[in-house]
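Both complexes shown next keep subunit A, but they swap its partner, so subunit B is in the first and subunit C is in the second.
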Partner chain A sequence: MAQVTPFTYRQGKSILHLLDVRCKFFIICLLSMSLLPAHFLACFFYGFILFFFFKNAGLNILSTLNHIKYFILLLFFIFIARALTMKGDIIFSFYDLSITVQGLNEGFLVSFKFFLVMLTGVIFSSTTKPSSVKSAVQWFLKPVPFVPEKRVAIMISLALSFMPVILNQAREISEAQKARCADLQKNPVKKIIRLVLPLLKKTFLSADYLVLAMESRCYSDDRTDPEFIPSGKEFYFLAASVLLSLGFAWL
Partner chain B sequence: MKKIIDINNISHTFDDGYMGIKNISLSIFQGEFIILAGKNGSGKTTFLRHLNGLLLPDTGHLIVNGQDVKKHLVQTRRTIGMVFQDADTQIVGDTVFDEVAFGLENLKIKRSQINEKVTQVLEDLNLFHLKDRNPHSLSGGEKRKLTIAGILVMDPQVIVFDEPFSNLDYPGTIQVLTTIIDLNRSGHTIIIATHDVETVIYDATRIIIMEQGLIKEDGAPADIIRLLEFYGVKEPSTSKFGLGIQPWRK
Partner chain C sequence: MNNSNQLKMTVYTSLFVALIAIGAFIVIPIGPVPIVLQNMFVLLAGILLGPVWGLTCVAIYLLIGFAGLPVFAGGTSGIGKLFGPTGGYLLGYLPAVFVTASISKGLGKKMSSDIIAMMIGSLIVYAAGVPWLKIVTSMTYEKALAVGMYPFLIGDALKIIAAAFIAKTLRPVIKL
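What follows is the complex of A and B.
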């Protein structure tokens, strides 16, 4: 069985589930970029909006935070690094290291922005089918010259659908090795080599079978175009996101 | 009965010099239920891959509905669908619906027709309630049924199964077996390569036994059943105990 992560698509009927994926793509790009120069007030306002859509999409905030705890730890390190390296009014000093007011502010702001971008990604991937992501990538790449958009789309689809299979194979190999006391090997490099070589072999073999299966179903680059089903509320969402990004600049 | 496949003296040698199949000639007719049996390495999979045009013969001719496979690959693959041994490695779509739609998208069928046909096939195979699920999260039997749906949606006349019951539990095997028998009853020609002859022999109309790339036996199940173990294939228990060929499922 595939494991559920915060980025796994969850079935639902919320407005975000029904929104056209191209619109969602545009909105997350626009808002994520608008967040870069934004100040505290704008970030808190955006956080409040995200909280509303988190609830609306039926996602569990505590469970999500638990799943991204290592990312939050990384944000904490970013916060510390900023607090210690930014010049300004010193609050506390120890040898050459000084924590400044400006450093704390800047560290908190940068970490908070990263956190908000991460939550935006979680909402997007939890409410968007991987196949819709593939279709949107194909649609956005269509006008780009010399890029075989249909081939790129099928590669994305294969990568997304094969990830659980590869992870499952890695787990099986690891357990088979543990059953033969592989834990006694303390050298991490040797451990990784022992895992990676059979995993690569299995993955290439699976890829061979996949090629045969695709060929047997008449695989071709010239395929039926994907279908987009707009919910009818895309215009309002686009207008709101443009206003919001302008508001971020003003706040 | 209408002849669908006509195989005339085909052989195939791999790059390393190993001869996968040797001088095979036979005909396959509409509505037949054929078991292809033999030990590991007897050439079953190599033979099946020729039927779908995944491998092409070095010598001889393979004719499907009067057309040479070498010259009409797409038409052959529409006529003869193939379900592989490992369901996980043949699933392309990231939802059940997309997986079934894959073949039709390759044929550039209109989206409205794709949606209609996929829905119909999913309903026929009782998979419609799973249409938005990730295929890799399904049970073994459901996954195998999904791979059958992916083939069935392309309206094949012949469906070829390579070890369809491997790695399945009892309910999964029953699910898949029932689907296969229903397909045969609805007019599809079925060819199954399996070690597990006992499961399907009651419904089969013909058994072909292969050994070292050659066809050694070809005939009705009742005539061949006693010869199975001579070629390294387990004879059904009912036959061993003198009860003849009995249905495996109730």
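What follows is the complex of A and C.
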């Protein structure tokens, strides 16, 4: 999984690594949402803060930008679309298309906001263990009626442990088929079936074994709740993020 | 549903959550636009798991993605993704999987009914995704359709045919 998703957890002891996951989750939701109606100044200010925490968490900015290059391309399309469709003072016109000052401003602002929100997500997933995310989801779901939060938590754990297994199996099957000249197959439907069918059969088989193993160990939903270890700096971070989001609204 | 069956469905549902998450990385090189299998696994989850477990599966996938695990396309995550240009497609998976599963179940889990169910499911994903894309990017409907729907239709048709075959072969194996 680590080879495929660049934003998986990175070991570290930065402030963000040690912060309680529930606090981090709340801050991310708050800041992501308050950033959407924000203006230029607020976005640049938030960008500087993100940059600081990026460095502080020991993340490589260039490699992250390289990994999200397709997302950046999509943002570029959004920028172009906004620049061309917004009415205002025309600075360049070609046939029916005209680029306006307001369009450029608006396009840049919207793309920049999405970019910042995306980077916030990257920082969160790079500094938070998947098991902590699972615990936080369980904690947040506890007051929600009709949702068995413990079962949801176990499903998340299982899904996380299945992911590398399935990816490895997909690679194995793909290599085995290449070795048997499956690349020469022209029919696209057959190509899909020949990869997916053995993959699903294999993973369902391992799921069956897992069900047996869980049953034989008397698995039940009645499990111990996860423990959270706060770093002691949660209050300051929460207060700062609330102030920041109020500041975004004001700016 | 007894405990054993419930446990089995819990594990199978988790398995499909994992499949949907990694579906974005399993690429089949066909033609100029390579095919990724994520939406096929969403539709297959509906066909194989049924309406309730299929919906649970997609809800958990979205939940862990919005909570910050990098399970969305390109290894992305976070609540911000919901407000992004592709948020509509992600939310569209919820009604799509439910409707696909309900139609497939209602029509008797035959191959032809699976194909009809998955076609409707795919259309629901686009019905949620394209207007969202249009609003976020301020494009016209023509442009949003040209960017967010037309290029993927042929791939979707191939995936639906393949998924119908796969569902037919897998049903007796996994005995759901």
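Quick note on the criterion: the second predicted complex is superposed on the first by the 242 of 251 C-alpha atoms of A that agree within 3 Å, B and C clash if a C-alpha of one lies under 4 Å from a C-alpha of the other, contacts with A are read in each partner's own complex, and residues count from 1 in each chain.
Going forward, a residue touches a chain if its C-beta (ideal position, glycine included) is under 8 Å from a C-beta of that chain, and two chains touch if they have at least 3 such contacts.
Just so you know, these numbers come straight off a predicted model, no measurement behind them.
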{"item": "Side-by-side fit of subunit B and subunit C on subunit A, or clash", "value": "fit"}
{"item": "Which superposed partner A:Leu160 touches (first subunit B, second subunit C, both, neither)", "value": "both"}
{"item": "Which partner reaches more residues of subunit A (counting touched residues only), subunit B or subunit C", "value": "C"}
{"item": "First (subunit B), second (subunit C), both or neither touched by A:Arg10", "value": "neither"}
{"item": "Three-chain overlay, vertex subunit A: subunit B-subunit C angle, C-alpha, nearest 10 degrees", "value": "80"}
{"item": "Partner chain(s) touched by A:Leu210 [first = subunit B, second = subunit C, both, neither]", "value": "both"}
{"item": "Which superposed partner A:Glu227 touches (first subunit B, second subunit C, both, neither)", "value": "first"}
{"item": "Subunit B versus subunit C as contact partner of A:Phe25, first or second or both or neither", "value": "second"}
{"item": "Touching partner for A:Tyr219 - first (subunit B), second (subunit C), both, neither", "value": "both"}
{"item": "Least Cα gap, in Å, left between subunit B and subunit C after the two complexes are fitted on chain A", "value": "10"}
{"item": "Intersection of the subunit A residues that touch subunit B with those that touch subunit C", "value": "1, 130, 134, 154, 158, 160, 165, 210, 214-215, 219"}
{"item": "Sites on subunit A touched by subunit C in the complex", "value": "1, 4-8, 25, 28-29, 32-33, 36, 67-68, 70-71, 74, 77-78, 81-82, 85-86, 110, 114, 117-118, 120-122, 124-125, 128, 130, 133-134, 136-137, 151-152, 154-156, 158-160, 162-163, 165-167, 170, 188-189, 191-193, 195-197, 199-201, 203-204, 207-208, 210-211, 214-215, 219"}
{"item": "Touching residues (chain side subunit A, partner subunit B) in the complex", "value": "1-2, 9, 11, 129-131, 134, 154, 157-158, 160-161, 164-165, 206, 209-210, 212-220, 222-225, 227"}
{"item": "Residue ranges of subunit B in contact with subunit A within the complex", "value": "49, 52, 54, 74, 77-78, 81-82, 84, 86, 88-95, 98, 102-111, 114-115, 132, 134-137, 150-151, 154"}
{"item": "Residue ranges of subunit C in contact with subunit A within the complex", "value": "4, 7-8, 10-15, 17-19, 21-22, 25-26, 28, 30-31, 35, 37, 40, 56, 60-61, 63-64, 67-70, 74-81, 83-85, 136-140, 143, 147, 158-159, 161-162, 165-166, 169-170, 173-174"}
